[in-house]
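Chain nomenclature is as follows: A, B, C and D, assigned in order of appearance, with residue numbering initiated at 1 for each chain independently.
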Amino acid sequence: MASNSFGNLFRITTWGESHGKAIGVVIDGCPAGISLNEADIQEELKFRAPGANPYTSPRKEEDHAEILSGVFEGKTTGTPISIILYNKDVDTSKYEPIKDVLRPGHANYTYLKKYGIFDYRGGGRASGRETACRVAAGALAKKILNLKGIKILAYLKQISSLQTQIPLETISQENVRKSPLFCPDPEIEAQMISLLTEIKEKGDSVGGVVAFYVTGVPVGLGDPIYEKIEANLAKGLLSIPASKGFEIGSGFEGALWRGSQHNDPFIPQENGIATSSNHSGGLLGGITTGMPLFGKVAFKPPSSIQLPQKTTTIAGVETTLELPQGSRHDPCLAIRAVPVVEAMIALVLVDSLLLSNGYP
Amino acid sequence: MASNSFGNLFRITTWGESHGKAIGVVIDGCPAGISLNEADIQEELKFRAPGANPYTSPRKEEDHAEILSGVFEGKTTGTPISIILYNKDVDTSKYEPIKDVLRPGHANYTYLKKYGIFDYRGGGRASGRETACRVAAGALAKKILNLKGIKILAYLKQISSLQTQIPLETISQENVRKSPLFCPDPEIEAQMISLLTEIKEKGDSVGGVVAFYVTGVPVGLGDPIYEKIEANLAKGLLSIPASKGFEIGSGFEGALWRGSQHNDPFIPQENGIATSSNHSGGLLGGITTGMPLFGKVAFKPPSSIQLPQKTTTIAGVETTLELPQGSRHDPCLAIRAVPVVEAMIALVLVDSLLLSNGYP
Amino acid sequence: MASNSFGNLFRITTWGESHGKAIGVVIDGCPAGISLNEADIQEELKFRAPGANPYTSPRKEEDHAEILSGVFEGKTTGTPISIILYNKDVDTSKYEPIKDVLRPGHANYTYLKKYGIFDYRGGGRASGRETACRVAAGALAKKILNLKGIKILAYLKQISSLQTQIPLETISQENVRKSPLFCPDPEIEAQMISLLTEIKEKGDSVGGVVAFYVTGVPVGLGDPIYEKIEANLAKGLLSIPASKGFEIGSGFEGALWRGSQHNDPFIPQENGIATSSNHSGGLLGGITTGMPLFGKVAFKPPSSIQLPQKTTTIAGVETTLELPQGSRHDPCLAIRAVPVVEAMIALVLVDSLLLSNGYP
Amino acid sequence: MASNSFGNLFRITTWGESHGKAIGVVIDGCPAGISLNEADIQEELKFRAPGANPYTSPRKEEDHAEILSGVFEGKTTGTPISIILYNKDVDTSKYEPIKDVLRPGHANYTYLKKYGIFDYRGGGRASGRETACRVAAGALAKKILNLKGIKILAYLKQISSLQTQIPLETISQENVRKSPLFCPDPEIEAQMISLLTEIKEKGDSVGGVVAFYVTGVPVGLGDPIYEKIEANLAKGLLSIPASKGFEIGSGFEGALWRGSQHNDPFIPQENGIATSSNHSGGLLGGITTGMPLFGKVAFKPPSSIQLPQKTTTIAGVETTLELPQGSRHDPCLAIRAVPVVEAMIALVLVDSLLLSNGYP
């Protein structure tokens, strides 16, 4: 099945393997007249790029995005925008010795069983590198959303049990992006850095949680029943590699509450109606209330670790997997997932926005 | 946007308002030759029906499903199967006095802002009654999955802080379905019943969590990148009214772990390869590993409560909402959501199964 | 595959067999606030209904459409509109003796090979009766288009070699609809009636051509490349049973011309730009020019004839098919196809209109 | 709207403008394990390339296709196959002086009205150059179809009134492809060459008709109602630039016939059932009968001619368009459309094949 596209009216299609010639994305359905250049995309890509800090993988990929079509004289034309990122700094030799070993937590087993063939070099198509394409497309989606005053913010909320409780309203994109961990709480960030250092030294990895917060959302976005905004957010965010959970509004904590606590009372406002609390996370019946959207995404610890692991070969023979010395892996994927979470939210919302244009 | 369909090759389209003439579902893409009669559907519907026990809404709806097309001489023919459920026991008079009041936690505000018109009677299209159509379609999806040995089990895991820790492997569908709460743990069930009685007396409501467990899943189902099984499960389950969170495998707890604990080691088996643990929840790269799928869905407390609530009218005038005496509402939606969760999982998996048929 | 839906934002899903309990259509994605009642639909259905005149099948089906959902207080609500048409005047006994005979020109052979099962009664799902659902949905689509000033007109242009050359601009819907053959040219109509009488007496059937003409189309509707208006018209019209050909603008005749004749010169107009001729049929690059759309659809002669026909049984044994005396069939499908052609064009255009709303 | 994709399970997405950096196609949903290299694609592309003979445009584009992803060790992997064709021999200077002139028969007017912006260089996205991407993707589709014994043949049947009546069964791909006009009838070909020479000298252009013939089609392919094979063929073929008409089987001629002539009698065969004639064109109810598919596509004369043409500027001021001396244009698009017609048919059929895999 064609499974490499996301979105309806604003649809992206990504392609490419981690260690192939290039990866890329085609953005179809972007409105005409949006100003766009490669620097706009680069600005977002640099936050996802590995090697940006000691706590992410030291690979020195330069995710350089080149626009091949769909932009004329600095503006989008309504035709497909093709963006390519060539793969550089690619060394496949490290994957050769382990190509017949099933890597715990990785997808080589399932791809092999499904397709009978797998480009094992650097994780192939299943590599997190695919998410660079999401971020590139998300950069454009964000530009459109910004024109409507919609702002998306994601940040690292939790690594292992270290968790910031900093109120959503106080967090700025600047504070998030200047943190090497995308964590806007300096105190927790310091503890996280200690933990990451320790985990890296051990050759292990750790899970984490990314939170998001979207402001400036107009009331009436989204479609009911099967295309609820939260349903599409859930799909988009659970399509990110290593994600294991999703919450909107009160999430799992909401299960603990009484209705009399959870229901958000409507209150009159100067320019309409708001709610005095926002446990729903800005959505009722799948449609936006005009209050901010917020929620969380859980990420498992990265599967690539330096510690030896029991496993089998493709043929089912027991063996021990030891990644070669000097393999470069992230100790915590949730860090680099922050811009990817933003991108997927942007893709969901821009699609809803275009779908709602006819029904103001 | 057309938002009332779910699925690709096996696609359902539901229609109908809570207090209109009828609700229904069209199932398109069902393979031919599956034996099907109305009793098959009725069997599933009765578990979702309200009034089955004192802990769900006392409405005496008889969800009687009538098959109008697509079945000939007891077998599906490959053409669309139209199922209709007439609305009976409908009393719209109770909704008349509150039709201009915004009901906290309900969708009348957002529908009104989106569409400018809302069939307020019984919650209209936004009513949980729509889920009867999902269960009817799910009954057929389950029949197809059962032919392949795939079995889906959901149960009530938690109400407020009361939570069963009963191991997944020990739970049988029989034990779940004979419990009025769909909770297979008699001890916790008894505590839940006390809590629900207390909450009902107070006119309040409470949230809960439904867990699911799918066995007999072959390896290689699902599609990578944007159509991962977990992404489609997340979308399907977050499209259920009142759902606020989703987990697959280790979920949010997985964020606490180390990679060395979380990675599931591959081990040889008589007929192939398995993993000795299953923290991934049976999925790697979005494709099934052959291990059971498991996860959870969080539900907020029902928004309809007897207690008075501050709110505004549609016009933005402050008022207090008091539902009329004798209004019939569920104290905890998670109970009746159990068969709906099973249905949505069945719809996701049968679609994956049909999509994978060409790639055994 | 789910193949019973048509349209993107305005999507219909039809269901039902000719001699089952009912047939119906679910319209999803209709904008809210459109006034709609059953009489609106009935008005269109009566033109497709058989038995309206001696030149169509004498079956006395009353295509009575009942709206089951999606309309509240006389207006559409944005939720799915379910319309049901019960099957009356159904006599399946005539189909019993020929149920194992392959009927030349009919679909029972291909359905059987594809699905292994076929509801043979009255042609089952493959019956032209399904088109009543298209007409019902088309009635709503036309209402929306009319609000924008878009008017769709189809008429019978040709039966066998009898062909009207009446200029498009002179044809009115009134003149078409008052003709029992939907032919606005009384002279040709009289000749057609003679031919049909002769053909009916012989127990034979004849092919025909339906022409269409759409005025009031704004410039800029439609999407380029794979979703060109003419491509979607071609798909919609070739999905009508018995259709064998489609032309837009100059059509096959255009192949005879020189570019210097065919190119439509642009000319200034009071309110913009027009073309002085319209060989393109109102479309350039798949997008409307603002000039009228026009074209043609060819229909083969109906496959059901009274004359004996050589064929085989399902088992491959040679036999002769003789339909029972008194079987009721159309001598020329193109007549009753006229309202169906209008409906399919309306469905294509309303979808384009909704898709273009965001890009005025 | 995202309109640059075609197909369901085997889905292509094309991108790129005629005079931009490159054009390309992403093929998503191709089964794994198909052997594929760049030469396979080049082999098909060379037939579409301009400059292959004096009767097509003398531009010396080398349509060199480079595979960027989805192929590993010479085989497809089930992941998206990205193919890029860099634009060479691009001279945009000729378009500069006429950039504000509406070109009769071209899409710059409609694109401008729809999008407000148009990359006018070489026709931008609306250029026939986009069809190179269709041919590249079609090359892969054909490889898959060939594995099942399905062979697609298209040829030039008609230019102006010169028309070959050579029987379909006698035509071989070799004979077609060795003709510079893709016309397998040497006598008609000679007349066509004379006509083309004359038309070129006059600076004019001419229309034509491409016929197609598909053998080896199994019975039971395709889906009924809205996804009939002929409906999808019609859409695919009417999406080719300059196409104005489509016929399947008897087409418009079928309108002239009696049912007793048109109905194809079923006859027993050694390995099943066939029909003794094939007026239906190999399709009943939208599903293949196992007989060959055949039909025709009409193409208008190319809009780019050397003769002066009356038109207006974008601002609506009357002017005369004269293309600069030495502009390079095709006198008849139907010639180069031959491989594009084959490609679109291949894309429709490979999608049907994958959709039918589960229902043999």
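Definition applied: contacts are C-beta pairs under 8 Å (C-beta built on N, C-alpha and C of every residue); 3 or more make two chains touch, one makes a residue touch a chain.
Please read these numbers as outputs of a predicted model, since none were measured by experiment.
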item: Homomeric contact chain C-chain D: same or different residue positions, threshold half; value: same
item: Furthest chain, CA centroid comparison against chain A; value: C
item: Chain centre separation (chain C, chain D; CA means) in Å; value: 27
item: Inter-chain centre distance, chain B versus chain D - centres from mean C-alpha coordinates, in Å; value: 46
item: Distance from chain C to chain B - Cα centre to Cα centre, in angstrom; value: 39
item: Per-residue multi-chain contacts in chain A, two or more chains; value: 1, 3-5, 8-9, 14, 32, 78-79, 111, 114-115, 125, 224, 355, 359
item: Residue ranges of chain B in contact with chain C within the complex; value: 1-5, 7-11, 13-17, 20-24, 26, 28-29, 32-33, 68-70, 72-73, 75, 77-82, 84, 111, 114-119, 124-125
item: Parts of chain D lying in touch with chain C, wherever the complex brings them together; value: 1, 3-6, 8, 14, 102, 104-107, 109-111, 113-115, 125-126, 130, 158-161, 199, 204-209, 219-220, 222-228, 230-239, 241, 243-252, 254-269, 272-273, 275, 279-281, 283-290, 296, 298-305, 307, 309-312, 316-318, 334, 355-356, 359
